[in-house]
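Which chain is which? They are A, B, C, D and E, in the order written, and residues in each are numbered from 1.
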Amino acid sequence: GGGGQKQNSADSNQAAGGGDTIKIGFLGAKTGEHAAFGVETLKGMKMAADDINKAGGVNGKKIEIVESDHGSKITEGTNVTQKLITRDKVVAIVGDPTTGITKAAAPIAQQNKVVLLSAGAVGTGVVEIGDYIFRDVLLDAVAAPAVTKYVNQKLGWKKVALITSMNNDYSVGLSKLFRKAVQENGMEIVAEQSIQDRDQNFSAQVTAIKDKNPDGIIFTGYYTEGGLFMKEARKQGMKAVMVGGDGLLSDVLMKMGGDAVEGSMVYCGFAADEARANEKTKKFIEAYKAGNNGTLPDMFSAQGYDAVMLLADAMKAAKSEDPQKFRVELAKTKDWQGVSGVITFQDNREPLKSPVYILTVKDGKFQVKDTVEVK
Amino acid sequence: MLTQQLLNGITLGATYALIALGYTMVYGIIQLINFAHGEIYMVGAFIGVLMVSVFHQGLLISLCAAMAFCMIMGVAIERVAYRPLRRSTRLAPLISAIGVSIFLQTLMTKIEGPQAVAFPHVINDSLYHMGAIEISKIQLIILVVSSLLMLGLHFIVKYVKIGKAMRAASEDYDTAALMGINVNRVISFTFAIGSALAAAGGVLVGMYFNSVAPLMGVLAGLKAFCAAVLGGIGSIPGAMLGGLFLGVAETLGVAGGFDLYKDAIAFTMLIVVLLFRPTGLLGRPIQRKV
Amino acid sequence: MNMDSIFSMFLNDYYIQVLIMLGIYLIGALGLNLISGVTGQLSFGHAAFLSIGAYTSAILSLRLHLPFPMVLLAGGFMAALWGVLLGYPTLRLTGDYLGIATLGFGEIVRVVFLNLSITGGALGLSGIPRYTTLTLVIVLVVLTVWAMYRLENSRFGRALVAIREDEIAAEAMGVNITTSKITAFAIGTFLAGISGGLYAHLIQYLNPQDFGFQKSFDFLTFVVLGGLGSIPGVILGTTVLTLAPEFLRFVAEYRMMVYGALMVIMMIFRPRGLLGGVKLTRLLSRRKVQNTGTSAAGGAN
Amino acid sequence: MLLDVKDLHVSYGAIRALRGISCQIREGEIVALIGANGAGKSTTLRTISGLIRPKSGEITYQGQSLIKMPPHQIVNLGISQVPEGRRVFTRMTVMENLEMGAYTRKDKAKVKEDIKKIFQRFPRLEERKNQLAGTLSGGEQQMLAMGRALMSKPKLLLLDEPSMGLAPMLVQEIFAIIKEINQAGTTILLVEQNAHMALSISNRAYVLETGEVVLSGDAQELANNPEVKKAYLGE
Amino acid sequence: MANNILELDSVTIRFGGLTAVDSVDMNIEEGSIRALIGPNGAGKSTIFNLVTCIYTPTSGEIRFMGQTINGLKPHIITKMGIARTFQNIRLFGEMTVLDNVKVGQHCRTRTGFLGAVLRGPRVKKEEAHITEAAMAALELMELSHKKDELAKNLPYGEQRRLEIARALATEPKLLLLDEPAAGMNPQEKQTLMKMIRKIQEMGLTIFLVEHDMKFVMSLSHRITVLDYGKKIAAGSPAEIQRDPAVIAAYLGKDVV
């Protein structure tokens, strides 16, 4: 159905190009369930805007971040998107860090011809919504097979347990990918258990997988549950370690899991590891630590930072803040070095980030264990 | 393995029961589903964390501090948000309670950040073996503490005059007052006890599952509430039974492979029980006399 | 649609979006008002019926490309069907127990949607066409208010209020409690289903998490805060509470805190709701009432 | 003067239920309050018990002001009430209801004895002592309400239509009981529709009409007053 | 001899160990006023609850116009033509006086949800008829001046009358009144008596529970006396007044 695709907003965007600041909207939660992601993304975005503005801005204009909170609610997310576009007249939106709200917000951005760059949505069906929609994340579709292969070939895992958080779209999607990868690598899933986000009690699931003696645990949920899950696993005497996606990447994992997550592995396109980081990333980490009492940035802040930088570079290349123009340049991004890795947008605008970092928890800290190149 | 799961379930159920008691007591006396109760539990857990990590207190003192704090908080909430609504429609305080609950959630998110906070170590993870069953020290503590608290409560309500005053006030404030009952005090007392139990539940759960978060009260509160209904809302032994029942059923459900439908199982059971016993397991059937 | 282009001359897309959302909520809230406000049956599971309507209509749109009015109606009827299926066994529960059963039902529906493949599970359902327009929503809101207003002063409407006031007496007056309650439930959930269908075709993306008990509570709050059983009250309550989060954006992170506190304060100052006891019928025929309803204390002669 | 009510004004929202009522009760008296439906009799009793806050006026009991005192304290001063419409605790048993009546009393042994006395007065209650009060018949509930009020051993007993719904024999019985406890030292303020009976056992009476005292005086004289006869005694 | 409108055939109901009504037989003639008296807790209200099918008898049979009604739903009973008032007033407090009475017309009318919304000519006519019938009932009970007040704001005596008006609006053949005069003063009782007579003259049968003997004796054609659930006497007022068993159990020596 081609109905309802009104284009009356084109003129308002032209008006936005005329000011002396470039407005970029933040779409995310500061309150509610997903507040942690939103808050971190915003921190990164603000740091990027500061850096850009200190260096003279973009095309002679300063970047301004317009923030709004949607409280982790889809409905409000769409309202905020609409508000950012029509009232605040942003030229681009960074967000939402979660796939669900991104999927609800992206059609609005697409219809209004405003670029939406998610700094966190990793689920399927995001960039397909339209040619104004981007994301700068490491895709699980790329990383999960690479990591599965890695644990199989390098660590010799044959039997794994797979844990999914059923009310978490990210986790459900990731588990699908892992299930496929495990099969392709000739490994076996000996136990599958589901949990739910914000569960605290995993004794039943652990008891259920313990007897199956898996070589390792693939955990596709988030860090809070991951830490607690491993805690329970150790409590019940399981020795196997856990591997999971960037949903596990946070200091909270260690806070929750303590010794129990020692040896756990996490893949990601961003590692806040100063020892291995390049100059750019190192500077980002330092700056972040300075502004946040010494805590390390997580991938959301890094990706938020990169998102704004990507947009700025695209605007510079297009010499324009008109989304219709700079989105073309954005789509052309190739081997772009960001703080969260090297990014190339493929023809379908899906990002390719390489290498995949495999981190492991050692002495209560994330350390890069290995890197896997992906094509 | 089954007995092990059973034990896990009982431990979980004991904490549900602690929270459920507050729901049941408050409901029993002012017929209010106190949706802010889950948030009291959450605040209790945070106070526990604070006592242990900042003031370096042991479990007992932290537990008592959390209970005392929440006692005051519960009483204050009743004063501010429910008492002015005592004589209005039944649903008015309910909405007020939802308001309080939203307020406390966001306040706590503001103070502590949205992420879960780890509960610092106060108890070592030592395991005791009893035949095939392993019981951790924490589980043991939970079982002991919650049993003691519930016994205490049972005693107070059953054998002390205030228990009867609570029942009388629950029916008719005015007539209860005409008996010389200080209705406000009885209601405050109810909130105090209920909140203290919730706080104890919060600290114990935080310790057991090692994490405390601003939104932890939502689901726990809801489930505890279901436990209260399951047992027969308003009935104190009912809340205990309902809590245990729910905890065990949930744990066994997950273990039995119904993990996908875990919450659905709990609620389906609730509906089924209600259909056959419309006032819960231990609820008194409603008499129809015209 | 011409009306819509006229609207967008005066209102920007943000306002239009918010207004559509308000309209959608109004339809759902009026449905709940019939169940809880008029008939007095507590429902904590209204969002579940919204989600049934939303998913039904979205799936029909996506898979069968049926015309929008048809999928909307289908969503409404599907919700009503489930309303009746749930209502039949549970309506004999009294008061709060019914509330809990509906709460449980709401959670069950959510979990089921989370695990079905046709609904996309936790990934949700995306790519739903955007058919919902302001004009359509306004028309439907007006129709709903009209129907509810006519109901207020009808044989059936009075029977529902009688059930709320005293079931035993209502039954003794010849009201068939069960069928009346179920009919009210069916109509209320039908409206929820329509509201859900509109929602799906506005947001274009559905996720079970969006229809949890918190959304049910939102609806209950609209109705109670506006004034149980009062049509103008429900309209005002829904409007205030839907717009409040938007207007409160300036307080940023404190927004929901303020919102929560406001709920408490409004309840304390208007315990029967903002317009509790105000009936549309009475508002419209005010003069008549004032003429006759004065002598209250002078009854003894 | 045991109880002194002066110029009491009470409103329910816009409805002015009491418009300046004054009355006195001396220790040891039975005083009757009669009047048509809606005259404000119950409102007067509820205000004395502290359940309603008056707009203005003064109530003093043994020289102490009752205005602003919460109801449970008023009960502690020795003022008890049998409320209109029985108001028994329906989800409690007959026994428990009686025990609630003795809530303020400390003398447990005496309480047991008094319950026995109540059972002697109302054998029906003893037969039903473990039944939920909500399932009692109307008259049985009325007996229970009376018994419950007696359990508090009041100095001043406020009775709101104690004979309503009682069988004729019991009506006589109730009035006999009222006289008896009065002779045992309890002062009584009695609201009755059965004005005939009420006046016959009272010392003095007040006649209320739309929130005002229109007549007052010796009960016997009032009973012979032609106006009263016509309006309230149905003669 | 006129037909019996209501027949109780050794009706018994037990609550746990308590036999509240114990094999009671009773026949009420069409068009008469029948009183049911007895000590408190004798089982009078319970009989009313049995006749209106709020309770189902443990044993025995209840027939209304020759048809067995055991176990039917209360709303069906009303439709068949039995209406009642309650000992503890049960009005629809938040509804206006007129609307209360209109609900009484429920079982005599048909409009459902769709009809209400579409409001065609038939519905309009029906609504007009409902209003008319309700006003007629209110006028009979002398309450029409209060029609727009909320029921809960009426004084006690008027609430009782409103209950009767509401019951009348169901267009019953048999009207059960449970202590209609309770809480009324003598003057009001007089008025009420006249009203009840008027209702009876309209062709209704009246079945009455009341403790005011003056009221009962001057109003009723026949009286049934109950004690501890058992029928202990039945007859004309004069007979009952003289019956030593009734005097011992209920009336006492110096009543009336």
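Please note the rule applied: contacts are C-beta pairs under 8 Å (C-beta built on N, C-alpha and C of every residue); 3 or more make two chains touch, one makes a residue touch a chain.
Source: prediction; values computed, not measured.
Minimum number of contact steps separating chain A from chain D: 2. The minimal number of chain-to-chain contact steps leading from chain D to chain E is 1. When the C-beta contacts at C-E and at B-D are tallied, the pair with the greater total is C-E.
As a whole-number value, the distance joining the C-alpha centres of chain A and chain C reads 36 Å. For the pair chain B and chain E, the distance between C-alpha centroids works out to 48 Å.
Each chain gets a centre from the mean of its Cα atoms; for chain A and chain E, those two points are 73 Å apart. Shown for chain D are the residues in touch with two or more other chains, namely 15, 36-38, 135. Taken residue by residue, chain E touches two or more other chains at 45, 54, 86-88, 90, 153, 155, 158, whereas all remaining positions touch fewer. In chain A, 31-32, 166 are the positions where the chain touches two or more neighbouring chains simultaneously.
Touching chain E in their complex are the following residues of chain C: 146-147, 150-151, 153-159, 161-162, 164-166, 168-177, 183, 187, 277, 288-289, 292-293, 295-296, 299-300. Those residues of chain B lying in contact with chain C across their complex are 27, 31, 33, 35, 80-81, 84-85, 88-96, 98-107, 110, 218, 222, 225-226, 229, 233, 260-264, 267-268, 270-271, 274-275, 278-280, 286, 288, 290. If you check the complex, the residues on chain B that touch chain A are 1, 4-5, 8-9, 12, 106, 109, 113-118, 121, 125, 127, 134, 136, 205, 208-211, 213, 215-216, 218-219, 250-252, 254-255, 259-260, 262-263. Note for the complex: chain E touches chain C at residues 52, 54, 73-75, 78-79, 83-84, 86, 90-95, 99, 102-113, 115-117, 119, 123, 126-127, 130, 145-149, 153-155, 158, 166-167, 170. Against chain B, in their complex, chain C makes its touches with residues 36, 42, 89-90, 92-97, 99-101, 103-105, 107-108, 111-112, 115, 168, 213-214, 217, 220-221, 224-225, 228, 253-257, 259-264, 267-268, 271-273, 276.
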